[in-house]
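You will see subunit A twice below: alongside subunit B first, and alongside subunit C after that.
Entry: the complex of A and B
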């Protein structure tokens, strides 16, 4: 019998805490216009570098902008960019992985070798090269990270697909005249989905980290738009005077990345436990 | 009765690098001829490894072309299957020929609802939208004797019993009213008690739709006796064929006799079950004589020299045995 809610019951407390943190941060980002007390770009030079107070919860930055508001809006940019990276790389990676795993033969060899080469480079380095070639800007940062994240997803889906395609339900589908596309996307994909979901959660964390790094280096978002990485870069100028300007986005990044990692691990564990039963 | 399926000289061999020392090629099917009329039912009987499954999978062209060599002619309604493109084959599979597999627990997709899987087959074969396909599928559920169809329709395969799943699988296979249904040991993985129900469901559905049947089985008794004709396979060849009841009553090949003799039957309580001594020959080698000779109790010198051809022994009866004319073999009443 299928038990509803067993997922939550089986997940450890760390997973639940991670899930709550992720939801809270996502909610604040979505509702930033309501949640943020100020316009994040409104400069008020008279209160430059104001310490935390009742008016400014986290104080203000060098230009007198409200840090809490900037954090909420920055989170919006960061999370949305990461979502795009994960969505694009997962869609492309899954399709390629299914084709490589199901068709096999030269298609598989070609894709696998090409991705072996891509995987040989550190992800961030590769993204930097791509972004440097196509110019700075958040769109290019997202595009280049999407490319960089494809091989891992493809590899994962391919190996899972190799296992699935030997199972009798795939042969039964073929015996019914189902097309390859139908078998791959309608029948194999749902069986691979749990594994994929875990990878997506973990990738989400990493792409936030990578996006922040790119913005920090000036290859990501361009002013006046800001994200957590850009905020970190801005904070460098006043690091000794107001370390909170760097700590706030830094902690935000850390919490989100760690939460996504924990959440991914928790998912994986509960899927495995479920499979073993 | 018009001719639906005609197989001539079918051979199937698998590349098996693990057995390179023995030639590296497993010859599973070594030349079989078979004709099946529309509406006809045929039992393909033989022990594990005799090539039954390899032969029927060749009819559907399900073998992996990179590891398997299939030769010979297979014509369905007069159209040669080996000449077809993979896309054309997709149109043949499920619509003209369909297949039910041995283990229903793994032949359905574990993560999709059983009802949706039946509806999918219905919608594809009849060009119906999702809603009407579901309605049709639900009707089929009820007709196949699945209890409380509405509730089970929304359940997943692991929540079904083997027998119920096999019913669903049969519905899926027959959704497009194919001309030929291949059932590959459809009851082997099931309890003996549901065996008969499954066979009856296949028989009832097939009569209703006018579908011919190839029933692959190793069970000479309960399973095979429900078909009109039977062909006995041994080591990749058909060694005997004929009307099922005649074959069961009076087998012409010593191997068929051995299979029948090995069946447990009432009145033999306390006796040891009979077996055929020895092993089937290796799929990698080819001995010069009759493949069954080493295990045959009637073996004589000519049997070791030449492979017997499948020849007509009586009206509608064919046998591949050098001594078929002189032997008087025992069947089951």
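Entry: the complex of A and C
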């Protein structure tokens, strides 16, 4: 019996394909300035709505901007924003979840009650209202989505922490006189991390969807900056003439989100399999 | 049973209270001054601003403003829209039927697709068919609902010309045609969860002793699947109903905007886009209250079906 396979051997083919897709899209986004053939904002009205050609791989939009370049740069904005949402919400949510789960008592009940209220709002709806109050713009969209994602992470970490807290290694740490902070972050956190990682992968996909929705409604990025959601909203005006303008960013969103979902599921399966051994 | 009902109903009160505080606070924490917005955002004389502040009680302390607003809300008065100078409650009431119809149609369409597909996937577990169905549901879940909507408009309204692309008509039956595309887009989007639940429930039921016994007795496979297994597999669908409703409510906001349907969702989006605070507050509070009430109804129904819930 093989005791330890490589990560690739343990993950299914779907997970590997998803991983490759994610890497490819991330690479294109990082190297957008090199990869994109044109300046994404350069308007060239003489070639408005040009069909795909060798000069413009995916054609141009209403203002004559190169679609492929806009797609690359838009992906950059979308992925970076989603990364920020996930990073902020995971950091805050994990810290709160560890404290609530480890300390218990009034801290826990206060946090749980407060988050029950937040969870009573459908997530995107709450983010929309927050963004409405603080003004449109990508910073506010990121901030409000981060807030909305915190309770789910906290709930996950808290319940995992409640299980870990009763295990011997935590008691041992306490007997050795370690501080609570050390036990929480150095000892419990690594044991909760796999579960968290799965959630992060899946949340990444959802935050891309939610950010796209906010940009689609005009509450996310503001012109001239663009992301996939805003590109979709723009494309509605020329839907009949050039459906590719809507389909390209739409499919890009879909592919990324599917990939993150598959990747998260794959991670979960391989963690579970490892645990069972 | 009655005490369970009472307890759940009582829990609703603090939830609604806190939600209303949250809605009010979020909107009022806004850095922009409502009086200036009301004056049309232009340079206005101090006298005009003072008059506006007095009329909309903006000069009073925030707790007082909250009490006035929440008290009104309890009596069904959600204030007046800054932009349209109409009662927010009547705006909501006017638009509610359309949104309800959209929600109902989406729910039914999604169940009508998810349950049979889930049964087929479970009955052929591990086969190519199962994988295709699962992959399809994942793709539908991962595509923004406005993308599905736009593709739907393109294909069924523009290319085939079968259905109207935008807006709504008069009355339930005319709206049925208008809402078919939007609700199909929403239904596709929420298909994945119900499908997964049905599929897992069916797989579990098919492996259980009573189903194995029924098969061993030589009952036809069809009747075992549909009569014995499906009945139990459907119960878990209730547990995810609450999740689905949250999904649906945000979904309607996006779908109504995409298809230009004048329901609660587009009321909210228009309110947000024009900083119409009473509309934002009113519509959000309404949606959250609706969400909480439907969740409660689902829980109570679930408890009525499955007595184990009540005593835990």
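The rule we apply is simple: the second predicted complex is superposed on the first by the 272 of 277 C-alpha atoms of A that agree within 3 Å, B and C clash if a C-alpha of one lies under 4 Å from a C-alpha of the other, contacts with A are read in each partner's own complex, and residues count from 1 in each chain.
By definition in this document, a residue touches a chain if its C-beta (ideal position, glycine included) is under 8 Å from a C-beta of that chain, and two chains touch if they have at least 3 such contacts.
Remember, it's a predicted structure, so these values are computed and weren't measured experimentally.
Visitor: Let's test your reading of the overlay: on subunit A, do subunit B and subunit C clash or fit side by side?
Guide: Because the two structures are overlaid on the shared chain, the partners are seen to fit without clashing.
Visitor: Applying the touch criterion given at the start, work out whether A:191 contacts subunit B, subunit C, both or neither, answering first, second, both or neither.
Guide: first
Visitor: Which partner, subunit B or subunit C, touches the larger number of subunit A residues?
Guide: C
Visitor: Looking at the overlay, does A:105 come into contact with subunit B only (first), subunit C only (second), both, or neither?
Guide: It touches subunit B, and subunit C stays clear.
Visitor: Just subunit B (first), just subunit C (second), both, or neither: which does A:174 touch?
Guide: In the superposition, A:174 touches subunit B alone.
Visitor: Where does A:135 make contact in the superposed view: on subunit B (first), on subunit C (second), on both, or on neither?
Guide: second
Visitor: Would you check which partner chain A:224 touches, where first means subunit B only, second means subunit C only, and both and neither mean what they say?
Guide: neither
Visitor: Contacts for A:239 in the overlay, against subunit B (first) and subunit C (second): which applies, first, second, both or neither?
Guide: So A:239 only meets subunit C here.
Visitor: Using C-alpha centres in the superposed arrangement, which angle lies between subunit B and subunit C as seen from subunit A, in steps of 10 degrees?
Guide: The vertex angle at subunit A equals 100 degrees.
Visitor: Aligned on chain A, what is the least Cα gap between subunit B and subunit C? Give it in whole Å.
Guide: Result, nearest C-alpha distance in the overlay: 15 Å.
Visitor: Which residues of subunit B touch subunit A in their complex?
Guide: Interface residues on the subunit B side: 60, 62, 66, 89-95, 98-99, 101, 103, 106-112, 120-121, 124, 156, 159, 169, 172-173, 176.
Visitor: Along subunit C, where are the residues that touch subunit A in the complex?
Guide: 15, 18-19, 22-23, 26-32, 138-139, 141-144, 146-147, 150-151, 153-154, 158, 246-247, 249-250, 253-254, 257, 268-269, 271-273, 275, 280, 284, 287-288, 291-292
Visitor: Can you check the complex and tell me which residues of subunit A touch subunit C?
Guide: Going by the criterion above, the answer is residues 116-118, 120-125, 128-135, 205, 209, 212-213, 216-219, 229, 232, 235-236, 239-240, 243, 246-247, 250-251, 253-254, 257-258, 261-262.
Visitor: Once bound in the complex, which stretches of subunit A touch subunit B?
Guide: Checking each residue of subunit A against subunit B gives 1-2, 104-105, 167-169, 171-179, 186-187, 190-191, 193.
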